[in-house]
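Here come two complexes built around chain A, the first alongside chain B, the second alongside chain C.
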Partner chain A sequence: MKRKGIAGLVLAGALALVSVASLGGCSSSKETLHIYSWADNFDEQVLKDFESKFNVKVTYDNYANNEDLLAKIKAGGGGYDLIQPSDYMVRTMIENNLLEPLDKNNIPNFENIQESLKNPDFDPGNKYSIVYTSGVTGIAYNKKYVKDTIDSWEDLWDPKYKGKVLLLDDNREVIGMALKKQGHSNSSQDEGEIKSAVDDLKKLLPSVLAFDTDTIKQKMIQEEGWIGTVWSGDAAFISKDNPDVEYVVPKEGGTIFSDNYAIPKGAEHKELAEKFINYMLDPQVSAKNYESIGYSDPNAKAMEFHSEEYRNNHMINLSEEELGRTEWLGDVKDTLQLYDRYWTELKSGR
Partner chain B sequence: MKRKSHPLLGIHSVLMMIFIYVPILLIIIYSFNNTRLSGDWEGFTFDWYASLMTDDHVLEALMNSLTVGIVSTIVATLLGTVGALSLRGLGRRWKGSMNGLMYLPVIIPDIIMGLSLLVLFNQMHVPLGKATVIIAHITFSMSYVYVVVTARLAGMGKQLEEAAADLGATPWQTFRHVTWPQIFPGVISGALIAFTMSLDDFMVSFFVAGPSSTTLPIYIYGQVKRGISPEINALCTLLIVVSVVLILLAQFFLNRGKGQKKHKMLPI
Partner chain C sequence: MRRSKLLITPVLLWLALFLLVPMVIVVVMSLMSRDTLGNVVFHFSLNGYKTFFDSLYLGIYWDTLVLSVVTTVVCLLVSYPLAYFIANASPRVQTWGLVLITIPFWINFLIRTYAWVLLLRTQGVVNTLLIHFGWIQEPLQMLYTKGAVLLGMVYNFIPFMVLPIYVALEQMDKRLLDAASDLGATRWKAFRHITLPQSKSGIMTGCVLVYVSTTGMFVVTDILGGAKSTMISNIIQQQYLGARNWPFGSALSVIFVITSLILILLFNRAMQSRADRAKEGRA
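So, the complex of A and B:
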């Protein structure tokens, strides 16, 4: 009977399916912390130390932008215990009830965070998040081509740099910058202020080489661009490869941003995630971690353990005075549509 | 009867080839470039390939991709082949609609497939991880196997099997000694395509992946945000090479066997 052979095949298929299903369940008995974060966001050794110190396992998966993260968490969490959303995404996630409140009793090292990075606008009282690293959007420029003193956003409009200006490919960052230049909040909801900022940007358009976020570093290193809006952390990266590149927080101030620790709602290993945050905030661990990844360390007590080179890098360690001039991107509510419309106009060069 | 084509057509095809292959070629070239800042050519190197082989994350992603690829290919090949065999007996009318249904996952946008599977897994409270990625990959790979094997079955006709039955072979013997040898190249070809699809898939995997199920394409996507490093170019080059080899192999198996029309293209 022909059917017999087929029945055998079906059986084999079913068996294979069962073995597939069981594959998912056969992880080790150790408690496991599932981290979902940006690529290369931790020092490998620090993660391994955590594993052996607490006899646990750490898995580490990557996302490439906040929106991907949001989609995953919103769709049901994906089984992660610790995530690292940026500032505005923390706000969105809190609003959508996607985060667990942090139990500070498990994170005594929270005290080590420098005061200016505690209690941010997007999460008052650090109820749901703790800063992991932060930076400021300022001006990076190449001293070989830019001889004047750069200290104001106004300098981007200098006709000398025509065709050599780089801007971030980000709606709120760029319009926020122009708002700052005119002395307003980077999150203005005043239509007049926004319009005037956008008109100003339209005058800048002929000078713009590119709107670029992902490869702006390469463009500065290779000197395709001379001057532009660059994140402080990227500026530190650029200047390592091209020492001619300098960075400044303009006198009008700039936008501050951060990536943060947060725990998604319903995380299975919430306490372990808190243990991890606390461990990472230990001054010595912290120094080791940030030394390796090269981002700015929010840990005030860690400074003494950092290398001379790290401490002297003014792009990584912004001064209190510089930080004092910064502003978080706030929620602009319905005005966002206006921002979006103007942004489309700018990008299409109208 | 040689027809001379219009010279403009020649130019058109050259331009088309440039349009398709130059970006891929650039990635391959830069993967050998001896500088971290992928701008100018600064000499030939294998360094990036070497550093790939010592990167734990790359190796883990590779292992995940291989596990997912191999398991999903085996299951999808079994299910797809059995499906093709069992649906073969259907009448003309049913066959058309069944074929259409089986073909749908091939043409349905990946993003819809990924999203719908994600919703399904969440409704059923299945934790995301390697198992969900494998199940998702089986779902779309199965169709490729089905399509290839069905084409093979249609091409071979029923005469040989009927002759075997006439000569006293049992249905199992007929299948074992007549049908199976004929469709075998199709099955292998289908399996190779299934494996290639699994290896290359990003969108569906991205939606249904959970902790420690990062496949190579997902890993590459995450890395690009950090700036396109030469290692990533090297990794992409390897993926391209493996995919091309697998597809060529599949093509080879598909063309093998007597009486088959040559150069029958894959249904992808």
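So, the complex of A and C:
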């Protein structure tokens, strides 16, 4: 009987610890900017500099995909002041009335942004969003294991790479890739085209090591995967740690994307969030930040502060020719259900 | 009597507020529809339930059941001897055994799961050692397989099995075993007719805990399985997030809860009736 007491106590103690740990968090009297964004999306020093310069605190939570972000913001959760939705998600969030219009008076550095990245289709006049970075989903491969010339999505299907192929864990990206491979739009709403793309992907499935978005970088760096669909900025990040990794935008074209600053409706520290955007768009801060995260810098005035290495990195600064054969992910409306269903089929191996 | 009622009121309120109300919301939502933007609209529909009876989702549900049952059985096979050993050890060893089993609880579940990635990956600890000792030439692909998923599940849920079985064995009246041996029973017979039936409550609790936790798990398949195998909970999560189809996600959740309850009831009934039959046989 006594023994039982001990066992119960140990178990109760363990449970209590778990629950306390999960409740953990802290409060501070300083004004706090709550950022909700992708993993590794900011240089930590740049955030710290912002904290000391404005005497505020910054918290930074991560999401793995746009849909997680949407669900959380829609549920009114999180209490976030600044988010970084991708292009198509900016549109969805505007349609759902989830974003605050930006007060450009607080963001004079908006002027620094390259003209080509201003005024995008998904947010005419940059009413709700400002570009943070952009890139293209292409193929990253490790030259140690992949000796052939890689220039087509078709190369992923090469049996030589069986068990070593990585795909993003994202239905629009992956089905979009297969659609491009077959010469269609990455946002097709035609069931026949989608089905044929998915059938093609089912043939690729035995070669797939893993579906992964968050830690695909680590899988490439550790050489678990040899070849896969990777965002250009991630490829730049990977090749810094593993110089054997190369990147290419396939000849069929790839999906271009951008991540953008936006402020969710009802954000508590809207002005601070705008100050933050403005701070990040300062040419020197900008150079420091993008130099560290290895993504493309949309700041035209920042180029002179960048290292030569950064300016010459073809994974960060894609050529006009490469950008010429890219396509944005469009809104597929109700066809999204079809994408989801086929995606479930694919991932459950049916 | 009145005082005890007063004492349990906060618990009941807590349960009503944080268990019952969300359940009702889920049930109501499962009967609604979805608009083009993915918002839930208050328009009665059974589509969520209809979609489930599609070979695609039924198949995934079946896979989930199989994996959960296998995980439970493996957990039981591993945990019973361990619990038996601890329960019959000296008090000192018992205390240490229990502490060692509970220590992993102090570390976040995700971190423990990622630790397996470091062990199993191609350049991981296990492969490096095996290659170092010359037992293999090429690294083994252990990660991102079904085996890795099973391993992760079993590893995470073993304590849920060991602790209840340990408690049951510990409470057992050991004098029964002496009596059995005095009456000429072999050790195996004594175990089969005394120890095993006496620890049944622990086995049942452990099995239900492990089974329920496994069916609801979705991160292990992502981290150790490379997101290649899909469990019903992955689908539910996907409906709430990626697909933005909350009514379908809710319908799946309702079906999931009901079938789990039925299965657990059947399991309990089966265990119970076997025990009754055993009692009658002896009488």
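Just so we're on the same page, the second predicted complex is superposed on the first by the 244 of 350 C-alpha atoms of A that agree within 3 Å, B and C clash if a C-alpha of one lies under 4 Å from a C-alpha of the other, contacts with A are read in each partner's own complex, and residues count from 1 in each chain.
What we mean here is this: a contact is a pair of C-beta atoms (placed from the backbone, for glycine too) under 8 Å apart; a residue touches a chain by one contact, two chains touch by 3 or more.
Owing to the predicted nature of the structure, the values given are computational and were not obtained by experimental measurement.
S.K.: After superposition on the shared chain, which partner residues are touched by A:333: those of chain B (first), chain C (second), both, or neither?
M.R.: In the superposition, A:333 touches chain C alone.
S.K.: Taking the superposition on A as described, I'd like to know which of chain B and chain C A:345 touches: first, second, both or neither.
M.R.: It touches chain C, and chain B stays clear.
S.K.: Applying the document's definition of touch, where does A:199 land relative to chain B and chain C: first, second, both, or neither?
M.R.: After superposition on chain A, A:199 lies in contact with neither partner.
S.K.: Looking at A:211 after the superposition, I want to know if it touches chain B, chain C, both of them or none. Which is it: first, second, both, neither?
M.R.: In the superposition, A:211 touches chain C alone.
S.K.: If you stack the two complexes on chain A, which partner ends up touching A:163: first (chain B), second (chain C), both, or neither?
M.R.: Touch status of A:163: second partner only.
S.K.: Applying the document's definition of touch, where does A:151 land relative to chain B and chain C: first, second, both, or neither?
M.R.: After superposition on chain A, A:151 lies in contact with neither partner.
S.K.: Just checking: does A:65 make contact with chain B only, chain C only, both, or neither of them? Give me first, second, both or neither.
M.R.: The answer is both, since A:65 touches chain B and chain C.
S.K.: I'd like to know which partner A:95 touches here: chain B for first, chain C for second, both or neither.
M.R.: After superposition on chain A, A:95 lies in contact with chain C alone.
S.K.: Taking the superposition as given, does A:40 touch the first partner, chain B, the second, chain C, both, or neither?
M.R.: In the superposition, A:40 touches chain B alone.
S.K.: Jot down the residues of chain A that show up as touching in both complexes, chain B in one and chain C in the other.
M.R.: Chain A residues touching both partners: 1, 3-4, 6, 10, 13, 17, 21, 65, 68, 222.
S.K.: In the complex, go through chain C and note every residue touching chain A.
M.R.: Listed in rising order, the residues of chain C that touch chain A are 36-39, 55-57, 59-60, 63, 94-95, 98-99, 102, 105-106, 108, 121-123, 141, 143-144, 163, 166-167, 170-171, 222, 226-230, 235, 238-245.
S.K.: With touch defined as at the start, can you tell me which chain A residues reach chain C in the complex?
M.R.: Spelled out, the residues of chain A in touch with chain C are 1, 3-4, 6-8, 10-11, 13-15, 17-18, 21, 65, 67-68, 70-71, 92, 95-96, 163, 169, 171, 205, 208-212, 222-224, 333-334, 336-337, 340-341, 343-345, 347-350.
S.K.: Under the touch definition given earlier, write down the residues of chain B that touch chain A in their complex.
M.R.: For this pair, the touching residues of chain B are 36-39, 56-57, 67, 71, 74-75, 78-79, 81-82, 85-86, 118-119, 121-122, 127-132, 134-135, 138, 170-172, 174-176, 206-207, 209-214, 218-219, 221-228.
S.K.: Would you mind writing out the residues of chain A in touch with chain B in their complex?
M.R.: The touching residues are 1-6, 9-10, 12-13, 16-17, 19-21, 23-25, 32, 34, 36, 38-40, 44, 59-65, 68, 75-76, 78-80, 214-215, 217-218, 221-222, 241.
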